[in-house]
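Below: a set of structures, written as structure tokens.
There are two complexes below, and they share chain A, which is joined by chain B in the first and by chain C in the second.
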Partner chain A sequence: MKKCEAFIIGGSAGSLEVLLKVFPVIDSAISFPIIIVIHRKQGNDSMLADLLSSRTSLPVKEVDEKEKILPGTIYIAPSDYHLLIEQDHTFSLDYSEKVNYSRPSIDVTFQTAAEVYKDGLVCLLLSGSNSDGVNGLKSVKLWDGIAAIQNPDTAQVSYMPAQAQQHVKIDKVLNIEEIGGFLNLLS
Partner chain B sequence: MSMSKKVFVFDDNADILELCTIILEDAGYDIKTSSTSNNIIDQVLSFIPDIIFMDNWLPDVGGIDATKELKQHATLKNIPVIYFSANNDVKALAEQAGADGYLSKPFDIQELEDIIIKHI
Partner chain C sequence: METAVVSDEQVEILLSDLLEQYGYDFTGYSRASLKRRIVRLYGLDKALSFAEFRYKINNDHTYFKRFVEQITVNVTEMFRDPAFFKTLREEVLPKLGTYPFIRIWLAGCSTGEEAYSISIILKELNLLHKSLIYATDLNPTVLEKAAQSMFAMSQMKQYSENYILSGGTKDFSSYYTANYSLAKFNDELKSKIIFSTHNLVSDYSFNEFQLILCRNVLIYFDRDLQFKVLNLFDESLEELGYLALGTKETINFSQIAGKYKRLQSEKIWRKVE
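On to the complex of A and B.
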């Protein structure tokens, strides 16, 4: 693959504990942005960014509309908006219908990112209880990006990564303690 | 070795419960959570926390009635109850419930820890 231009992590139930273990391992000199899309309800946005920020020296911020995507920054999708990646490497937030009963939908972010970053994209799907993200990973593969999942055996809720494994040609199946190292090697 | 202070959080939002658990365990508290205020007295008696966080909107028995029940109990009435809600009227709701304090959602980690320290 060519150099990683963006690393996107999608997750649902059981994914926060994974992020909390992975964040301290991430190299502070990484050369690409990390974008996090996890399903959650409204009302705890600042607390989540705060908590994740306490586990890394990299800047962690919630995405603002039309914001430019910068390397070395960790972005979190705000609750209740779809997070789209635009061709000019900016974000846009969208309040349209839920996809897979979810907003933000992991599929939406993976799919829009796949067309932008093509073979420079790596997407990782974590623990979760629905199949959001599976179609997104299919798009990632269509555009020659890398599709990775958390090993379903290590997931608190295995359904989401297991569905991906069943329906998509997955490049990497990672145990929780392998995720940080995998990410650092892409830099 | 000193015993950890105990915090009981009532909220029907599982994300809030998960975040509060991680944050307060990090800060050295012993935490228990519940998504319902049914049988509030039994629930609280089973843990005897040093402080309680009560969400306004809870299924069946809402936060106001649950807090009132606690405040009418002979011994549990002395446990501080912090009312929390995204409702603009959180202060008035806390007063109506007879809570000892309130916290507006969304709140950050510091606000959560500060209000605990203030009350216990």
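On to the complex of A and C.
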């Protein structure tokens, strides 16, 4: 593949634990942005950023709308908005209907990012109990990006990565302890 | 495949059609969201080709109206972000209550849920009789719906919870009459709301207000258009008036920022000079 330009992680039930294990392993010199879209209750967003920030030396921040996407930064999708990627590598937010009962929807971020980063995009789908993210991974493949999933056998809730495996040609199936290394090697 | 049916170039073609044919300018809208809405409608209406889709938008006025309604986002609720409405109730509106007359502009009101929410608070503060809410949207169809003051009964449980969290103490169901699947809100609430079309992109200031609310509208605009609209709000706001935006929106980085002071935690600014 082309050099990785963005790494996006989507997850739902059971994905936070994975992130907490992966974050300490991420190389502090990575050359691309990491964008996190996880389903959660509406509420205090800074709590999640604070929690994840305690596990890495990289800057972790909740996305501001129209913000420029910078390498070496970890961005968190705010709750209750869809997170979209613009062609000029900025974020935009959208309060339209839920997709797969979810806002933010992983599909929306994966799909808009796929058209922007094309073969420079890597998307990883973690544990979860619905099929959000599956159509997104299809788009990633359509635009020549890399589709990865957490090994369903290691997922607290296997439904989401298993659905992806069933419907999309997956490039990488990763155990939890392999995720950090995979990510670092892309840099 | 959903992502491939309408290209970026075709989106630009449609936007210039809308401008030339109908005078609707969407060129300052953020593209990712706009494109997603267009692709969604294309799929929803099972368009056979881009040429057919484009022809219908340009030649069928009814379809054009549907197009505009569908590519703009009209999702809203009553008392959304209860903490915001609590600040309105406890800080902003009591201050405005000292004025002889209160003029409020709700820009991008969509189907009206926020207009009725504000009306309820004004009534509870005994301010409704001397208030006027101008609720505007670019979309005539959503305004017609807003004027009917009827919302889905299935939403009332959520709205009632929001209302209580926002500091409401009455029985929320006293504000509407249940009519099968719809809740019809009391006429009194509507009596001080004027629903009218106004396009933030192309229309000018039409009055001076003490409070302007525009929540989750600017997120759909690019930076230049955001700044232009913020200037419009500034021109339309009295000194010491308030400007309220959505949770993720800000006046920082804009020209008007220096004239405004933010109220603690909410996205509400007061015009101080």
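Definition applied: the second predicted complex is superposed on the first by the 187 of 187 C-alpha atoms of A that agree within 3 Å, B and C clash if a C-alpha of one lies under 4 Å from a C-alpha of the other, contacts with A are read in each partner's own complex, and residues count from 1 in each chain.
The rule we apply is simple: a residue touches a chain if its C-beta (ideal position, glycine included) is under 8 Å from a C-beta of that chain, and two chains touch if they have at least 3 such contacts.
None of the values given here were measured: they were computed from a predicted structure.
Within the superposed three-chain model, A:95 lies in touch with chain C and out of touch with chain B [touch as defined at top]. With both structures placed on the common chain, the touch criterion links A:85 to chain C but leaves chain B unconnected. In the superposition on chain A, A:40 makes contact with chain B only, not with chain C.
Of the two partner chains placed around the shared chain by superposition, neither chain B nor chain C is touched by A:29. Residue contacts after overlaying the shared chain place A:114 against chain C, while chain B stays out of touching range. By the touch criterion defined above, A:185 lies against neither chain B nor chain C after alignment on the C-alpha atoms of chain A. Here chain B and chain C are compared by how many residues of chain A each touches, and C touches more. For the contact definition in use here, the chain B contact set and the chain C contact set of chain A share no residue.
Interface residues of chain A, counted against chain B in their complex, comprise 16-17, 20, 40-48, 50-51, 54. The part of chain A that touches chain C in the complex is made up of residues 64-66, 78, 81-82, 84-87, 92-97, 108, 111-112, 114-115, 135, 138-139, 142-143. Residue ranges of chain B in contact with chain A, taken from their complex: 13-16, 18-19, 22-23, 26, 86, 105-109, 112.
Within the complex formed with chain A, the residues of chain C that make contact are 1-4, 8, 30-33, 36-37, 73, 75, 216, 219-220, 222-223, 226, 246-250.
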